[in-house]
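Notes follow once the structure below has been shown.
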Amino acid sequence: MTPRLTRRDFIKVGAGTAVATGLGSAARKILLEPFVRPPEDVLPGQATWYASTCRQCAAGCGIIVRVINGRAKKIEGNPLHPLNRGKLCARGQAGLQVLYNPDRLRNAVRQTGGRGSRTFEPLYWDAALDLLTEKIGALSDPGRLAFLGGLMPDHLYRLASLFCDGLGAPPPVIFDLHSALEGRATADRLSKAFFGSDELPVYDLAHTEVVLSFGANFLETWMSPVAQSRNYGRLRQGPFGGRGLLVQIEPRLSATAASADEWIPVRPGTEAHVALALGRIIVEERLGHVGSHRSYAVLYQDVEVGDMAQASDVSVETLRRLARVFADADHAVAIPGGYLAGHRNGLAGMLAVQALNVLAAQVGREGGVFLSHPAPASALAQTARVDTFDRVGDLIARMRAGEVDVLMVHGANPIFELPAAAGFAEAVSHVPFVVSFNSFVDETAIQADLLLPDHSYLESWGYQVPAPGADRPVVSAQQPVVRPLYDTRATADVLLALASRLGGPAAAALPWVDEVAFLESSLGELVSSSLSAFPADTAGDFWAVWRRSGGWWSEKEIPREPEVTSVVETPLRVVEPTSEGDSGSYPFLLYPYPSVSLSDGRGANLPWLQETPDPMTTVSWGTWVELHPETARSLGVVDDDVVRVVSPFGSLEAPVVVYPGIRPDVVAIPIGQGHVDYGRFAERRGGNPLALVAPVTDPDSGAWAWAATRVRLEATGRRKALARLESLEGAGRESLR
Amino acid sequence: MPDVKASAERTPRWAMAVDLDRCTGCQACLVACHAENNVPVAGEKLAGYGRWMHWIIIDRYWEGEFPNVRARFMPVMCQQCGEAPCEPVCPVFATYHNPEGLNAQVYNRCIGTRFCGNACPYKVRTFNWFRPEFPEPLTEQLNPDVTVRSRGIMEKCTFCLQRIRAVEMEARAAGRRPADGEIQPACVQTCPPEALVFGDLNDPESRVSQLARSHRSFRLLDELGAEPAVIYLKGGETNV
Amino acid sequence: MSETLPTAEAQYDERVLLAKRKDSEINQAVLQPMMQTGRGFWGLVAALSAIVAWGVFAWGYLIYWGIGVTGKNRPVYWTLFITTFVFWIGISHAGTMISAVLRLLKADWRRPITRGAEAMTAFALMMAGLYPLIHLGRVWKFYWMIPYPNNRFMWPNFQSPLMWDLVAISTYLIGSTLYLYLALIPDMAMARDHTDGLRYRLYRMLALGWRGTEAEWHKLHRALGIFSVAIIPIFLSVHSIVSWDFAVTVQPRWHSTIFAPYFVVGAIYSGLAALATILVIVRRGMRLQEFLRSEHFDSLGKIVMVAGMFWTYFWFAGFLVEWYGNEPVIRELIRQEVSGRLAPLFYLQMTANLVPIVLLAFRRIRTTPAALLGATLLVNVGMYTERLLIVIGSLQRNDIPFNWGTYRTTWVEVSIVAMTFAGFVLLYTLFSRVVPYVPVWEIKEGRLRYTMRRIGRLLVPTAAEIE
Amino acid sequence: MRMRPTSRSDEASGTPEGSSVSLMGLFDEGTRTAEAIDALLAAGIAPEQMVVMSGVPYPEQALGRRREWLALPYIVLAGAASGFLFGLFLSVVTPHLYRLDVGGHPAVGFPPAAIIVFVFTMMATIVSTFLGVLWEMNFPRFGPAPYHKLVTDGNLALMLECSPSREGEVRQILQAHNAHHIGEPERMTL
């Protein structure tokens, strides 16, 4: 940091200059000493690249950041990283604006005027830590401490777990909307049930011929979109010739479906019925070339193709055609996507889809299904697992019952991300002391008493085991690419400092002096790993290589073949979808979907992402309601007419986008806008469709069934022009010819 | 006048191939371009009135009707026309053809007649209607290699000229020519499905040349004869 | 303005009256209204100045904030400013048309209206000339177009139609101003001899020492002769070049070979109509009934009508080919005009341009000032609309439907357009009080050439065949 | 070729010797003026010594004056030629001074060059005509000159130079043709 310039210094500097310029004889060589010595890594005008890990979503892509004069200037994909191989998505590209966001919280503050008052009093970190130590120390029972995490880097999750464990508090609850929308919790369950594994499956898109995607928007936000997009490119125009077939089965034509060869507008919640019907047809008609299907016939004993066709609104002919295409292909894969997990039959449905891969013998086969690698070291194995909605519900209930005295929130924004009906906002008021580690004052942070902003991810240390992973074991490294801009502090360091102040078991559980020491000890096992792509003999070497290349990964591709559990010996269940709200007064099913640019809303404070047009509607900066042309006509509305969407849980008003690619009985609204707090670019813009969504779960998995709410539409007679890239008059035509 | 033939052998003709079969419409190129080229953000009001500043946009076309409806994506950036309609109309040579076939835009020569914007059949030029705003400290994100344009100035995709120059200079210092694929504009660099390929059309071995010879290749509004340097590759059909 | 111009009988009396007038009486008849600046006049000047001041404020606002305060966007990069620019350039054409062409053709009825026509040209050009400056937004960059090399010895691009515009409009402005001034010198001398004080000093300065010697008259005539010949190709080139601003692009509907003559004809149509409008108003305002008689309005009305027919012909020739070609974007534009969002403007254009042609076929309308005023105002409404359709209408559509646009105007644009209309009227009003509106020496010269000759019962003016 | 000073023959007062007398008479109309001029010519007054001023342009030779040679057409031609050359310089030479290629066009193309050359030719023509005629008329000239204000009120002023000995004869001729205001011309500041 630049020292303060005193008057005395100034005189000294002035005198020195006089010697150099006025009195210096030609014979004497006087070295001019600059007033401020630049840091060693700052070469004026020279760009330096630092490798790190993207934290804009959970995928864990490797990034390299161009730094000039100590300032990050551009983020690119790390070309060495096995997951994304130099590629990066829009959200990853926009990471600079997290760092340089004008609305970042710049130091620790207390909210002195009461929660929501927005009157903040700056605190010295020592005072803040004292305060927090005192609050935790004063707990009558460590169980009255709750830690709620969102998108946490793995090292912080481990530290927070150790912290809670050491204190005797319940383990951190992890919830974030993005993960809920991609069905991560259900996918975890599915993996466990199907492959007996904690790791998520990887679908080998690059080498397959036929992809049946059941509600997986894998080119947008689902799981690891950059890696999947890269592989999609190879599916299309791969180096091996041939062109794969992609069939997207979902009620709304997503950007992924737009890239597909065929879109099957299935009735919402019955995607799995299609999968079941396909399986039944394959078994019945002995399709494919894998020999006998007899062993799997049991799976489909309860399935009747005609019923499935009727329930799903997909014709039997189509089902037969798809079954043949899928079964006949050498390499084919079916993907159970996040939209399935949003229904109350989510787990059952995803099981049915995964079963297709078993049926077509695509498990562990090139172009089929593989498993992600587990963390290559035991210390790294404690990775962040998203919790189900049920567990979050437990926390809310505890809070409401006054069983939580201190709530620590890191990276989560439950007031925005949970359905309003879940009552988190109300529950918070029963918690006497709330601490937020968020970098921005979002809807949850505004309810906190103490705000201890973490560094932005470009100023932070950490590691991440990508899940789903790549074709080999990988740990992504995160390191600061610039010095912290503000007086923020790494939450890991805050937890370590807290532990040492609290003493006792907490201090024993967290013995590290600082975050880096913690990282070094966590990564210790990797140093001697024989798999490493970058040999390093000593811990020092390893640390340098780790930072330079942006992580650790194996040199060779190591596919991990899954073992199918006994789940395939029991018949698959046909679970009819149910939804909240009766179909008489609420004739439409609400389809909230994550925005490609804003994701679950965490991108809403970045102007680049706000300005990025939605690929399908080309709208930026707003919320809209997608209606089938027929629906719009019967409602008497056209593009830009504002409609009110009413569910049993709330209502929302937004302009209409007449959308040719949506079922007439479905209404889609993008998630991401509707922030009340979260900085100037996000606030008071659009609406949050989660206000409409029922807080119901899939009873099999406990996951939030966010796609199972019915709504009705009301025209308001008002108009609001959306910021569209396309000309409405152009009517989406490519040319007039 | 230099010998045209000889110079054609020596000088590159930079071109970009856009494989529509790979493009997923993900908008990564658009944000990468904003970051690389200091493209300002217009805000909702201006963006909604056709005053967004993107140098690359992804057109989305609808085909057919529900349920057999399809959408296609088409990234459109400055086509770097060989015979650019925008160039001769500028009274002050703010836009001209550089020897490497690029349609250069010289910001400090632009006086803002917006004639080039009208002349461009692809409508890929954007105009700084107001002074661009970068609320502090967003100015820190600005790329020092690229001019920040003031108001009243036309701008457009440059194929990341600063990156081309950097690689060229490095190659010249090493006494070689830039290798194929060594130069990557920001959009090409980031494109997840690798739909964008950049290279030298005058090098018959370059990937972009090979793609240009593909039976799938076409150029946007080819009938106007502007000789664009952006080569589109048609989306395919999978026969099953 | 419900008066009807005198019938043939009365008109004949008027002419006799003028023939019987002494030179000094004519001088007084012209000079008298110039000196009278009553409350109405100052009220008008104040109102116009207020509008101009508001427009200057709007321009300042535009300069301060940027061109974004107008309604322009992508792809509608040119809007009301360019539209009005084309309109004023069009208006400027009539002055030359009347005074140069008719001077060459020795059409005698031109005499009382040449000065007004030339002044209209000069002022319209001045108003037009403002628009390129305003249009840039950063007006201080304008000089970069002036043809001299910059510090790297780079010259402007002479392939750009805007450069052609710059030089052609400068030429036309210089030419028409000099032309106006040259023909003004003898009248300045006349005014000098009949005024004192400030006006005397002004007129003396402008008269340059004119005494009216034979040699001076002779040289003046030669110079005016050369001017008349030289300025005709200039006036043709100016509007052609303006049309090429549009036609050289590949923008659908602009890319047309017929644009140059179509624009020239349109310019003449609107310019002559504007001249008639102005003459009707000035005649009443300055009580010049004696000089501006029905025969002048009759003749002027006839050429307006003929110009209108030509305009219709050219419009049809262009429209036919566009319609027949059936190219998708042009078809879309035509659809927009005929039945789409541009339809109100299109039908306004057609009505306002075609109806006056029919109206002006009637002598009674041509010679009834109020009717003539209505008809010619209608022409200019039509011609302004035509430019709106060409500039803004066409730009809203292009080859890629994704990129189509819409345009909404703003108060800044409207204020600046209003500023030039008010500015034009203001300049013209002030001009009419400073400079003899009727070219006195030309009237006198015409009178010299006529004698009243009796044919049967009629007393008819007969012209002498003199140079 | 005649030199410029001699073309200033209308400057009747310009006789160097103080030996001559200037006289001016006003006429009401042209016919009488012409007759008076004829009579004066017959009386031996040289045409160079007579100047007629009128508020109305009389057709040439109406007052018996001969046609005069003018340099104006040559000035105009020279102006046009220089404008042509300047236009040629701008459109043909300057593009080569700092070569920039646009739109696949050659550095110099005929149509744009033709427009530029044409416009500059015309501009120079116009300007040289104006400047030429002012030069020919020796304008501006604000100094005192013989003049009468009644000229612009429809009178014709005949001004002439004669030797003092012939003054009476000349006055008689003028009076005989109904001239009025006969006398030494008033030198007015114009």
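Read from first to last, the chains carry the letters A, B, C and D; within each, the first residue is number 1.
Just so it is clear, contacts are C-beta pairs under 8 Å (C-beta built on N, C-alpha and C of every residue); 3 or more make two chains touch, one makes a residue touch a chain.
If you're wondering where the values come from, they're calculated on a predicted model, not measured in any experiment.
Relative to the centroid of all protein Cα atoms, the closest per-chain Cα centroid is that of B.
If each chain is reduced to the centroid of its CA atoms, chain A and chain B end up 31 Å from each other. If you average the Cα atoms of chain B and of chain D, the two centres end up 64 Å apart.
Distance between chain centres (mean CA atoms), chain A to chain D: 90 Å.
Of all residues in chain D, those touching 2 or more other chains are 100, 102-103, 105, listed in ascending order. Residues of chain A in contact with two or more other chains: 725-726, 731-734.
Multi-chain contact residues of chain C, defined as those touching 2 or more other chains: 154, 157, 159, 163, 399-400, 402-403, 405-406. Contact annotation for chain pairs lists A-B, A-C, B-C, B-D, C-D, with touch applied as defined. For chain C in complex with chain D, the residues that touch the partner chain are 22-24, 27, 147, 149, 152-155, 157-159, 163-164, 167-168, 170-171, 174-175, 178-179, 182, 186, 189-190, 192-194, 204-205, 207-223, 226-227, 230-231, 233-234, 237, 241, 441, 444-445, 447-448, 466-467. Of all the residues in chain D, the ones that touch chain C in their complex are 9-10, 30, 51-60, 62-63, 65, 68, 70, 72-73, 76, 90-91, 94-95, 97-98, 100, 102-103, 105, 109, 112-113, 115-116, 118-120, 122-123, 125-127, 129-130, 132-134, 136-137, 139-143, 145, 147, 149, 151-154, 190. Chain contact summary for the complex, chain B toward chain D: residues 82-88, 90, 93, 95-97, 227. On chain C, the positions that touch chain B within their shared complex are 65-68, 72-78, 132, 135-138, 141-142, 144-145, 154, 156-157, 159-163, 166, 245, 248-251, 395, 398-400, 402-403, 405-406, 408. Residues of chain B that touch chain A in their complex: 19, 21-28, 30-32, 34-36, 41-45, 47-48, 52, 54, 57-63, 65-67, 69-74, 135-144, 186, 189-195, 233, 236-238, 240.
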